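Each of the next two complexes has chain A plus one more chain, namely chain B in the first and chain C in the second.
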Partner chain A sequence: MPTPKDALKDDSQLRQKTMIADHFTRLSRAPDTGEKCVYTYVPGNLTELLRAFGTLPVLPEINALQSGMRGKSRDFIALAEKTGHSEDVCAYVKSDIGMQAAGNVGPTGERLPKPDLLLLSYTGCFTFLKWFELLREQYQCPTVMLHVPYQGEGAITASMRKYVVDQIKEKLIPALEQVTGRAYDEDLLKEHLARSAKAEDDLVAVLESAKHVPSPIDSWFGGVYYIGPIFTAFRGTQDAVEYYRMLRAEVEERVRLGKGPVTPDGDLERERYRVVVEGPPPWTHFRELWKMFADEGAVVVASTYTKVGGVYDFGFRHDPSRPLETLADYCMGCYTNLNLPTRVDMIARYVREYSADGFLINSVKSCKSFSAGQLMILREVEKRTGRPGGFIESDLVDPRYFSAANVKNRLESYFQMIEQKRTGVGVA
Partner chain B sequence: MSALTDLLDRAERVYRDWRFTTVKEWKARTGGLAVGYMPVWVPREVLHAQGVLPVGVMGAGDDLEIIRGDAYYQSYICHIPRSTIELALNGSLDCLDGMLFPATCDVIRNLSGIWKLTFADKLVRYYDTPQDFDPARGGAFVRKDLEELSEDLARRGARPLTAAALRRSVEAYNENRRLVRGLYDLRRDAPWKVPTYELYVLLRAGMVLPVEESSAMLASYRAAVEADTSRRPMDQARVVLSGSFCEQPPLGLLKTLERSGCYIVDDDLAQVHRWIRSDVPLEGDPLDALVAASLHDAIPHPTRWSEGEKKGEDLVERVRRSRAGGVLFAAPSFCDPALLDQPMAVAAIERAGIPWTAFKYAENGGQFQVIREQAGTFADSIKLWSAA
Partner chain C sequence: MKYVVGIDLGSTTTKAVVLDEGGRALGRGITNSRSNYDLACQVALTEALIHARFSFVAQAMEERGVPPERARGLLGDLERLFRREQYRGQVDVLERTTAEVVGRFGVEDARRGVAHIVAAMRGESDALYAKGASRKSDFFRDLAGSRWHALAEEEARRGGGDFDVLVAVFDKAILEVENTPWAEGTFERFVRAALADAAGAAGADAAALAGGVDRAVSLALEQWSSVGTGYGRARLPFPKERIRSEILCHGLGAHAMFPQTRTVLDIGGQDTKAIQVDEHGIVTSFQMNDRCAAGCGRYLGYIADEMNLGLHELGPLAQKSERSVRINSTCTVFAGAELRERLSLGEKREDILSGLHRAIILRAMSLLARSGGVHDEFTFTGGVARNPAAVDALKALVAENYGALTMNISSESIYTGALGAALFALRDAKGRTSAPVAGEVAA
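What follows is the complex of A and B.
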């Protein structure tokens, strides 16, 4: 996850930084230490299982977003396009392909190991299939397809759960046994899952702190830091448990002191607008956009992006008493695996429960999984909540699609609209 | 007009009729339900066995001005979902009692949600085709999905699904697929007899008409072109058209490619007719047979996981089988599955020393001059290459 420069300097952030640095160092040394590396995706990641086998997860989306934040994605994308990738497709894939072509040096400046296994956790995004096919071509390594059924009907059925569990049991576990030479140890998996649940409790407390007025956190710009460990390589680790305990204490302290969220320029003095955000951030212009919000006194009180790696705030927790079933439910419950009506319900609920003035969609060109249907979401949520919806467009890691002037204009008019709604003055 | 011209005329009228007049007529005549489906992976047999008319909805091509559909989609999303929603909003799809959205991509998947939100009274199902091909896993999962679909249809007044009826439907679609395969073979062997734009309108009409009528149409067409001695070979380059499996190119584009000097000898168009490669066995439980076909007899595809296969090898094989001189990659703009597949397919094609060229299109695109020149130059280079 991103490493803030001067924005978030709490102890928890320093801890996260150390965790990430250690992980990448371990990854870079894996070819010598013999530790096995499994590439997988954030939605539907089975970190507890991977860790129970002693493998190290590598999340290509995280590497791509880091490339975006470090200003490297433009060149990586250009490199991928030069080798035949279309301008039209998901830029995460191109950034990753470009990064690998340029030597596979990760966000910390250390070289990333080759995958020993590609775990294609096929959750909520069709592009994942293509991405790992491309990597399989390159690395010629074993690849496991874990097909996670979509919640098309808005619920998880017994048949869907069984399908995922059977795949984990009969395909994935044997593949991990093969790669690591270790036998599956369910008790060890349970220990990891129990730690996951603890961290998830604390994460939910952090996210829900934004129900306070003023909110002590920003759930999008700040939120992406908070989800870092649990969405990536650390869910189920003791490090994650301690990180979230620490983070929760810090946030509770902010509430006690009546503090607003941290912004690129320090603590926000006055919360003027509370908004819910749907969609991922534009990583290439993350701080710039954050500053635009902060300058307006706008705080994101809830976001859907912080649910792509797991939706915990409606009660789901990893449950060690049913280890494989809980992993299946986790995968199927990730945000982009939810159908549009469920997404609309969720956003409308956030708007109400977080006392938001409105909601804003950041539509990214790369990600059809998010963006196809967002204009419908916009209308539906407006209809249901009676609060104004705003719409901006950008991209995750392709800087060609971020127009600062345009975004700023739209944001200003949007906040003006909220203002007018508040004061009852009609928009001309 | 000759019988052949009449037939093609009718097929083109059905294909272009975005008001779905024939579906309305069928419903008035039979009192049955009609259910729409999007590309690609639809088990039409199940619908047919319950007396339901499966209706392919492939967007609106270049025949309809998009007025409201654009308000649903950003500029960086392909065209087919916006013309499909336009059809629904202008009332053209009122004759459909439901829609099926097979697992083709995120856009179609999310369109199923738009449908659920907008047409709450209709049957709307996302059909999650399996990516795990073990009968006890993917097979059991997809069988359950089909059973649920059939129960949903029955709740809306369709006949309950029986093994006997399903067997008859499998037979009807086997026959239809055989005729389609036969025409593909004939086009491969004698492309001057079966121009692609003719074959294409027949396939599109076959997605709207009852399968029995489509089969009759295909058989008549075959008889007519085989008897037509005026169709003579020309000096054209044989090409495979790859990547057009979902949003379809406008008919004008297909004609342009052929006029620019290409014989299309294999393609990905209207794939619902060909995603099952051979006859589905009629012995045993027909639903099991259909499920087994979807696991083990489905075509390799950009949207389908391929266990251990080298990507693109199937395309190389298709080029060889059809004795094509090259590949025209033609993908809809902003189509992730087609466009992300392309570099892998290109690598395989290049490894095999096969020439290729690529372009993008939109279903409503009207300017073909650039593509005409590109395809013409490509055809010339293939001819030169093969003459050398």
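What follows is the complex of A and C.
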């Protein structure tokens, strides 16, 4: 996950940096140490199971967003386009493919290992499937693709759960046993799951702290840092448990002191607008956009992006008493696997529960899993909450799709619209 | 007297609207936007104040019992002659500047040709501003540019210099001419010169006209408050708290012009905005084009250049179409290629133009749909609302998709954003937070 040099300097942030650095060093040494590496994606990731087999996860879309934040994605995308990928292909894919073509040097400057296994445990994104087909071709390694049913009816049924559990048992576990030479150890998995649940409790407390006025955190710009460990390689580790305990204590202290969130320019002095955001951030212009919000005194109090790796705030926790079932539920419970009515309910609930002035959609060109249906969501949430919706457009990591002047124009208009509605000042 | 001003700094033109303390419109002014934003604002404001002063001439005449229609006629003449004086004043600046450019670049061979062209332009000014004469543009740059080209061609034919050099001298000079602000007292000089010519035709009302001019000249105008908006607002010479989003200004301005407005479509030079407003003119929802300016006003400007037509001529020509050609691309860059391809296929210019106008409006229809649809009453604003073919296409598509409803277009629609900004300025000046501002205000 992103680590801005000067934005967050709390102990938890330093701890996260160390965790990430250690992980990437371990990955770079894997070819020598013999540790096995599994490439997998954030939505539906089965990190506890991978860790229980002693494997190390590598998350290509996190590497892609890191490339975006570090200003490298433009060149990586160009490289991928040179090899035949069209402009319309998801920019995460092109950034990752380009990065691998350029030597597979990861965000910390260390070389990433080749995959020993490709694990696709979320098929809600069709692009993931194609992405791994490309990597399979490149690395000629074993690949497991779990078919994960969409929550079309808005709930997980027993048969859906069984369908996924059967695939884990029959396909994934044997593949992991084969790759690692280890037998499946359910007790070890349960230990990881118990640690996950602990960290998840603390994460939820952190995210829900934004219900305070003023909010001590920003749940989108700040939120992406907070979800880092739990959405990636660290869920189920003791490191993650300690990180979230530390983070929670820091946030509770901010609440006690009545402090606003951290911004690129330090603590926000005055919270003027509270908004809910739907959609991922434009990583290539992350700080620029953050500053546009901060300059207006706008705080994101809840976001859907911080739920792409699990919607914990509505009750889900990894449950060690039903290890494979809980993993199946997790795969099916990530945000983009929810149907549109559920997403509308969720955003409307955020608007109400977090006392938001409105909600804003960042529609990204790359990700249809997010953007399909967003205008319908906008209208529906407006209707239900009576709060104004706003709409900006950009991309994940393709800088060509970000127009600062256009986005700023829309944001300023949107915040002024909130202000105007709040004071009721027009002409009579 | 105190006034407030709203300035809309657009990508193509900069507009200013001036209101008095009671929210009544005093004047509006427009100029072409230029790299010097401060100056563009200053020129637009100067123009708006000139317009305001003229409104006092009319008022003074009416007070002296001149019938309104007669007063309007006299004022029209006075204003036309004032514009002629203004044009001549700019030709003077052009003369100085081109002579300086000739010296600076050492193109002495062109000096005589340049002098001839300037003299010819000065000589033409009476005809250019004769009663009933039509002019291609309101801006000196366009008027002078088009005459300079024609006269340079003649001059070159007669051996008075190289055509390219003569044109280059103009191109170098015009920026400086545009960036030379009027000196103090210019209004009085020009208006008195205009009055000298207009008084003859005024007959028995000459004294009333002169009295009006005296009042307009002596009027002390004091700026009370200002608000800036538009694409270039970040560079406006205003503090942040006196800058408003153009979306809000267009919503408020449209509401002020047509109080029943619920949906506003604004097509400007590089932005298209679809805005929904409530019964108070408060914006409830909006959509605008993304980072690509396809289908905005600039597209029409590009097409006009490609066809060697004036922007004002595009719409009327498109209206002559009997069989509109289907155009898919609204990409400004591709427009020229598409146009040439269609022409080479034997399509008529008017049919292609008609298709181009429809293509732009189809894009606007998509934004309208995404912003929440079109609701009665519907107000169309921005520079493109001056184009009759765009208006026709919009009317047809709105009726087709949303049924019959009232569509408002003001002849002053280009000032909508500036009017909204002026209303915000008025509100700021009065320090109000919720008190109403007169809804019937129109620029």
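Throughout what follows, the second predicted complex is superposed on the first by the 424 of 428 C-alpha atoms of A that agree within 3 Å, B and C clash if a C-alpha of one lies under 4 Å from a C-alpha of the other, contacts with A are read in each partner's own complex, and residues count from 1 in each chain.
Operating definition for what follows: a residue touches a chain if its C-beta (ideal position, glycine included) is under 8 Å from a C-beta of that chain, and two chains touch if they have at least 3 such contacts.
A quick note: this is a predicted structure, and the numbers were derived from the prediction, not measured.
S.K.: After superposition on the shared chain, which partner residues are touched by A:55: those of chain B (first), chain C (second), both, or neither?
M.R.: A:55 contacts neither chain B nor chain C.
S.K.: Which one hits more chain A residues, chain B or chain C?
M.R.: B
S.K.: Examine A:88 and indicate which partner it touches, taking first as chain B and second as chain C; both and neither are also allowed.
M.R.: A:88: touches chain B, not chain C.
S.K.: Touch test for A:344: chain B only (first), chain C only (second), both, or neither?
M.R.: A:344 contacts chain B only, not chain C.
S.K.: Contact-wise, after the overlay, does A:393 reach chain B, chain C, both or neither (first, second, both, neither)?
M.R.: both
S.K.: Please work out whether A:232 is in contact with chain B alone, chain C alone, both, or neither, and reply first, second, both or neither.
M.R.: neither
S.K.: In the superposed arrangement, does A:375 touch chain B (first), chain C (second), both or neither?
M.R.: In the superposed model, A:375 contacts both chain B and chain C.
S.K.: Counting only touches as set out at the top, which of chain B and chain C does A:409 meet: first, second, both, neither?
M.R.: The second partner, chain C, only.
S.K.: For A:171, using the defined touch cut-off, is the partner it touches chain B, chain C, both, or neither? Pick first, second, both or neither.
M.R.: first
S.K.: Common interface residues of chain A with chain B and chain C?
M.R.: After superposing on chain A, chain A residues 375, 393 contact both chain B and chain C.
S.K.: Taking the touch rule as given, give the residues of chain A at its contact with chain C in the complex, in rising order.
M.R.: Touching chain C from chain A are residues 375, 379, 382, 388-389, 391, 393, 401-403, 405-406, 408-410, 412-413, 416-417, 420-421, 423-428.
S.K.: In the complex of these two chains, what residues of chain A are touching chain B?
M.R.: For this pair, the touching residues of chain A are 83-86, 88-90, 93, 120, 122, 125-127, 129-131, 133-134, 137, 145, 147, 149-150, 152-153, 157, 159-160, 162-163, 166-167, 170-171, 339-341, 343-344, 363, 365, 368-369, 371-376, 380, 393.
S.K.: Can you list the chain B residues touching chain A in their complex?
M.R.: That would be residues 71-74, 76-77, 81, 101, 103-107, 109-114, 116-118, 125-128, 130-132, 134, 136-138, 140-141, 144-145, 302-303, 305-307, 310-311, 331, 333-337, 339-344, 346-347, 360 of chain B.
S.K.: Enumerate the contact residues on chain C facing chain A in the complex.
M.R.: 231, 234, 244-248, 251-252, 255-256, 259, 271, 277-278, 280-291, 370, 372, 423, 427, 432-434, 436-439, 441
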